[in-house]
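Some structures to go through are shown next.
Okay, so chain A shows up in both of these, paired with chain B first and chain C after.
Up next is the complex of A and B:
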């Protein structure tokens, strides 16, 4: 029974309560106080210490068009908890596991901070938490332990949304979904969320809204996303990949190319050596 | 809020946020609902999901606009033109709810013949005196004598024409008054296309009537104007014409900006009111004696009960010392002799006329208007007490940029106070709902609850005067002041009981020789007496604690709608005010779809999901009883029981100081001349034209842009600037400008910009966005509007200039509200030269720039100190 998020962007009002609730519950530090001048978004992206992030997409009507044509899309982004998770496949220590709720979870006491998971996420979600940020936060480790070796001697450990593993174990709704005032973020059994989301899409389409689901039944290599989205514009508008690709699926082509190259070089070498006789 | 009070009878939101889901259309104007009330906005989103049309009218395209079905831009400060045009459109096209209007309002009344309208006097009403005020005696009805209900003589009542044909009928006076408010005028003055206005008019009219209802929501975007009260009046008239008041999915949702702002007017921190909206005695009226006060406070309608409420209040204050023989110690109450509201007090302080100052839950040095004047005024005090959870800009005014602590004589006391989770108590939310909260943890360090601080101050004063024989000290000596905490440990700490305070607010039956908390509670305000046998701290809350074991503010039983089992809403736990109007004059629902309260013919009482805002068993067919006492004089079809005649006051006869009907005046500082009348500003507004409070004036070419101010979701003020998770979300003061103006002025997105008025100049980071857009007024005039959030100050993890440093003090005449929502300014690229003031030769010298990095470090240091 997989648990996940259904984030309905048509209900998001951009209040960022999810971001704050996430940081508060998980005791993640603020990332800095830099004014970005990009709409109302000053936290930019998901990272090691930002596990929910509300994107603001301004689509202002031209100044000579009616003001009512302006759109301002808001989307609360989060780790997708992919069915085929690149980070999990890449993890050499077994720190990243699929837990009993079928969510992708980084065990902080196992993670050694190698960082292989970071480029392996097709969505750019996972990042390393700088060692300096360990002092303030406590809650992002479920039992208060971290890999001391990693935190003290290396570049830090990897961090991302745990889907509030600790809250789930207590039967609580994850902090972001609990804090959302408009039910834009819904938590629950993924199958049930799928059914609800599909009904929602139909209802919106009947009202003329160009709504669709992102991360459900998409024929791609990451499979269904346990945290999926209802969008009204192309994925690129929300800074999501049109067609996410699991890095490991490129392995066969990569190894084949390498093998062919090696074979070709060997052949060429043999030919050169032979001609030298 | 007299805007609602003058129209309907009470100064509170007429509905509750949960009922917004039943609206077929919601007009949000003067409010950034989604950003400033995100939790309540869920009900708007639910209404939208159920098919309601959400309209947002605002100078800026905000997060509320993004969630709305229709966004319409408007020039800040012109809402009366837009709303007036809607009234005109509704009347002209006969789209008003005639049966509702005829039965429930003063539309049929005849206005006096000598009343002259703004149409006659180019923007003035009759009675204008050059002294700057109106003689309101002509703003009245033509009266006729009718026999008293008991046959003994006659009484005067307003003349009526139920056919609405007479030219001096209120509705026809209204038609004429708003006849020049046309769609074209909306385009010329508001900058909103006429077609958009007509689209909104159709949406409102299509979604109002028997079968459908429209709700309005507003907040301080409507109130903070020199014509603020009249904004609300215009909306009230329009909503009444459409027949939406007192009905499910209808009403006017006055959104309160802070957690307990409704409570702060109910048990007021206002200088001119006593608890429960009783007037403060005034030397300006003949109220030096109890008899004189009672004569003024007692009015037809519900306020015929005023003697019960004031007598019970005095008994709560002064206990056994209050007797019928000494007029229940009425003479102990202070008597006001002028305007002692915040702004005049600030001016008076600056002029050296105020010695001491308590600042609790307020931060005038960063959130005040003309904030530098406010800060400079603090230097003239002998002492100041600041009570807050954080050191505020007010508490640290003496070491602000440019100040010399050695030259400031103000003795400063800072008392750290508990946060909401660290104390017992109540808050009144925007639904007029009282909710009790319990202390979760002990306050950190030396922090104490506000209740402790006030209580202990009272105890020390009582000790100080315990042996005094001076009669003037008797109010302190006689004050009842005993609230022993139920918990032994708390009692030892000196903490009073918030429960016992609430019990006193509810009221009790006085028993000789017993303390208030030992007496039996009153069950409701109907039990209050004017003979001194009851005591009550605030009659409107009576019923919240009907017996010692029942604290209804603690109730937490909810349902899908009115949730009468959750908390306690004043008055009498009613959720929707004036809900008698949800049934037709005969007591039947206007429609099955909009059924709410109705007359149950068999049970002979009013029934429905709410508490009737009406005598529970009064038959709808009860005829008027001219001359009877209180609401007994009203007919069974008069729903607005607080009004003298039980009806909504379209024409407000003599209750407001700036007109019986709303009229558009330009703001104090405006980029244009008034296009509607020759009269430029609200003639009755209060201004303070002096060197330290200078106005830009109308059409000043040096200040060609409209400036509007607001708050952000992410911040309130000092409280949120000290929270890292909130500070990182909006880490700097910014100014929103449209792309065209940015090019015109050479301002780069993300760069610095300096905004200037004749009061001061501030700097902010530029946020250039197409959400801001220039408007086109009449004669093709291009108008740029600039927006700037109001949340910043010098302290916290994030800091920024104080927007109040731009705003001159000017006030509405009715409630002394300031004008912070519409100003004029100039803007240029780059950073400011000086802090605060434009006249650099004044008290504050030119100072060095603070870079973002420095101010950031400064803020962090402070946070560290407190951590």
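Up next is the complex of A and C:
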């Protein structure tokens, strides 16, 4: 039974209650007061300590165009909890696991901060948390130990959305979905969410809205996303990849190329070293 | 306020040329030019590890193929064994320094994970240290430093084979490791980067061992190593050029601008063509070999530094990151 998020961007009003609720529940440090000067989005991106991020896509039409041509799209972005997760596959310590809710979870007491998951995420979600940002008392509990006991964090560890693993264990809705005032963020069983989302797409399309689902039946190597989205513009407009690729699919080609090259060099070396001169 | 100061618009999509994948670059809008991917946090320690690991692996390959008869390459086998052992000892230290606290390295040893190239590399490094240590101890014993009976413990053909095979893996896996990420530049080079990593590592091993042989061994072995280095670095040069053509504008962070100039100057010209030309000089002897080796090694380091740093820039390009290479 996979649990996930269905984020319906047509319902998002950009209030950022999800960002705040996430920060508060997970005891994550503030992002600081950085003024982006591009839109109402001053959070910029997901990060090690920013697990929900509300994007504001402001597409102003020319002044003489109808007002309806101006787009003001908001989307609450989050870790996708991929079916085939690049971060999970890359992790050399086994810190990144798929938990009983089929969500991708970083065990903070096992992560050793190697950083390989960071470039391995096709969505740019995971990032390292600096030690200073991690020293705040935290809400995770792993095998009865809190992170304060597991003093692994000096040198940094990887951080991303846990899909409120702790809240789910208690039968609670994740903080962001709980706080969302418009039900733009819906939490639940992924199969049920899929059904609900498809109905929603049909209803919107019947009203002439160009709505589609991102992360459902997309026929790519990352598979279905347990946190998927209803979008009305191109994925790239929301800073989502049009064509995400599971990085580990390149390993076979890489190992083969390396092995062939090494074999050729060893043969050449054998010949040179045994040449009579 | 001039237009240059205006923030980029989400649909400001006219920048950038075709990325060479048949899709027009302007097909994707971007989100205020905000990077789509996160860049790796890898700094000098990882760059140094990629560099040293290549030489370490290449030296293992040299141990495997060396002809150990005294009149042949016994001097090379000796030097390559010592180099392989010294680097097998140094590489874990470099890796550990990257993790901040030494005991965090132990977390790598919780599991063996075939899907994770980094896990494979850690176990490769550990597997490599066994035969390297035994072979170096046996060599020390044959050289009269350690007691004679230690040399008798070494099953030499098996150790040579293991050092060669695991060494080849160690020289190449770092290339697989970085190309199995979401970074567009690295993903685009999934065949090229592992291949030229092996070449660069092997050429570096030839260079370092040629320098040692120049000081301690025969001219004959030194010349053969120079020839071998020329073969490996020529292959590296060809692969780098093919990758540049294959990558198109995805390769710009690596091959264009200041970084591309640096790569051409220090790696392609200084580290490959320079030593090749030096080798053609009819005079110079050992000093020439030492200079050529230094140039090759410097070029190898710059190649690794360029790879890592240009990967960070590639992560910053939201258009390249939107349609990721297969």
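Some points to look at:
Definition applied: the second predicted complex is superposed on the first by the 240 of 277 C-alpha atoms of A that agree within 3 Å, B and C clash if a C-alpha of one lies under 4 Å from a C-alpha of the other, contacts with A are read in each partner's own complex, and residues count from 1 in each chain.
The rule is short, and it goes like this: a residue touches a chain if its C-beta (ideal position, glycine included) is under 8 Å from a C-beta of that chain, and two chains touch if they have at least 3 such contacts.
Quick caveat, the model's predicted, so the values are computed rather than measured.
When the shared chain is aligned, chain C comes close enough to touch A:255, but chain B does not.
Once the two complexes are laid over each other on the shared chain, residue contacts for A:209 go to neither chain B nor chain C.
By the touch criterion defined above, A:195 lies against neither chain B nor chain C after alignment on the C-alpha atoms of chain A.
Contact with chain C, but none with chain B, is seen for A:268 once the two complexes are overlaid on the shared chain.
Applying the stated contact rule after C-alpha superposition, one finds that A:60 touches each of chain B and chain C. By the touch criterion defined above, A:235 reaches chain C but does not reach chain B. Number of chain A residues touched is higher for C, counting chain B against chain C. Residues common to the contacts of chain A with chain B and with chain C across the two structures: 36-37, 39, 58, 60. Put simply, chain A touches chain B in their complex at residues 11, 13-17, 19-20, 23-24, 29-37, 39-40, 42-43, 58, 60-63, 66-68, 70-74, 181-183. If you check the complex, the residues on chain A that touch chain C are 36-39, 41, 44-45, 47, 55, 57-60, 86, 89-95, 110-116, 118-128, 131, 152, 154-156, 233-245, 247-251, 253-266, 268-270, 272-275, 277. Taken together, the chain C residues at the contact with chain A in this complex read 7-11, 27-32, 34-42, 61-62, 64-67, 72-73, 76, 98-101, 104-105, 107-108, 110-111, 113, 115-119, 122, 164, 168-169, 171-173, 175-183, 186-187, 190-195, 197-199, 202, 220, 223-224, 227-228, 231-232, 235, 311, 315, 318-319, 321-326.
Residues of chain B that touch chain A in their complex: 34-35, 38-39, 41-42, 45, 61, 63-67, 70-73, 193, 196, 713-714, 724-732, 734, 738-740, 749-750, 765-771, 773-774, 797-798, 852, 856.
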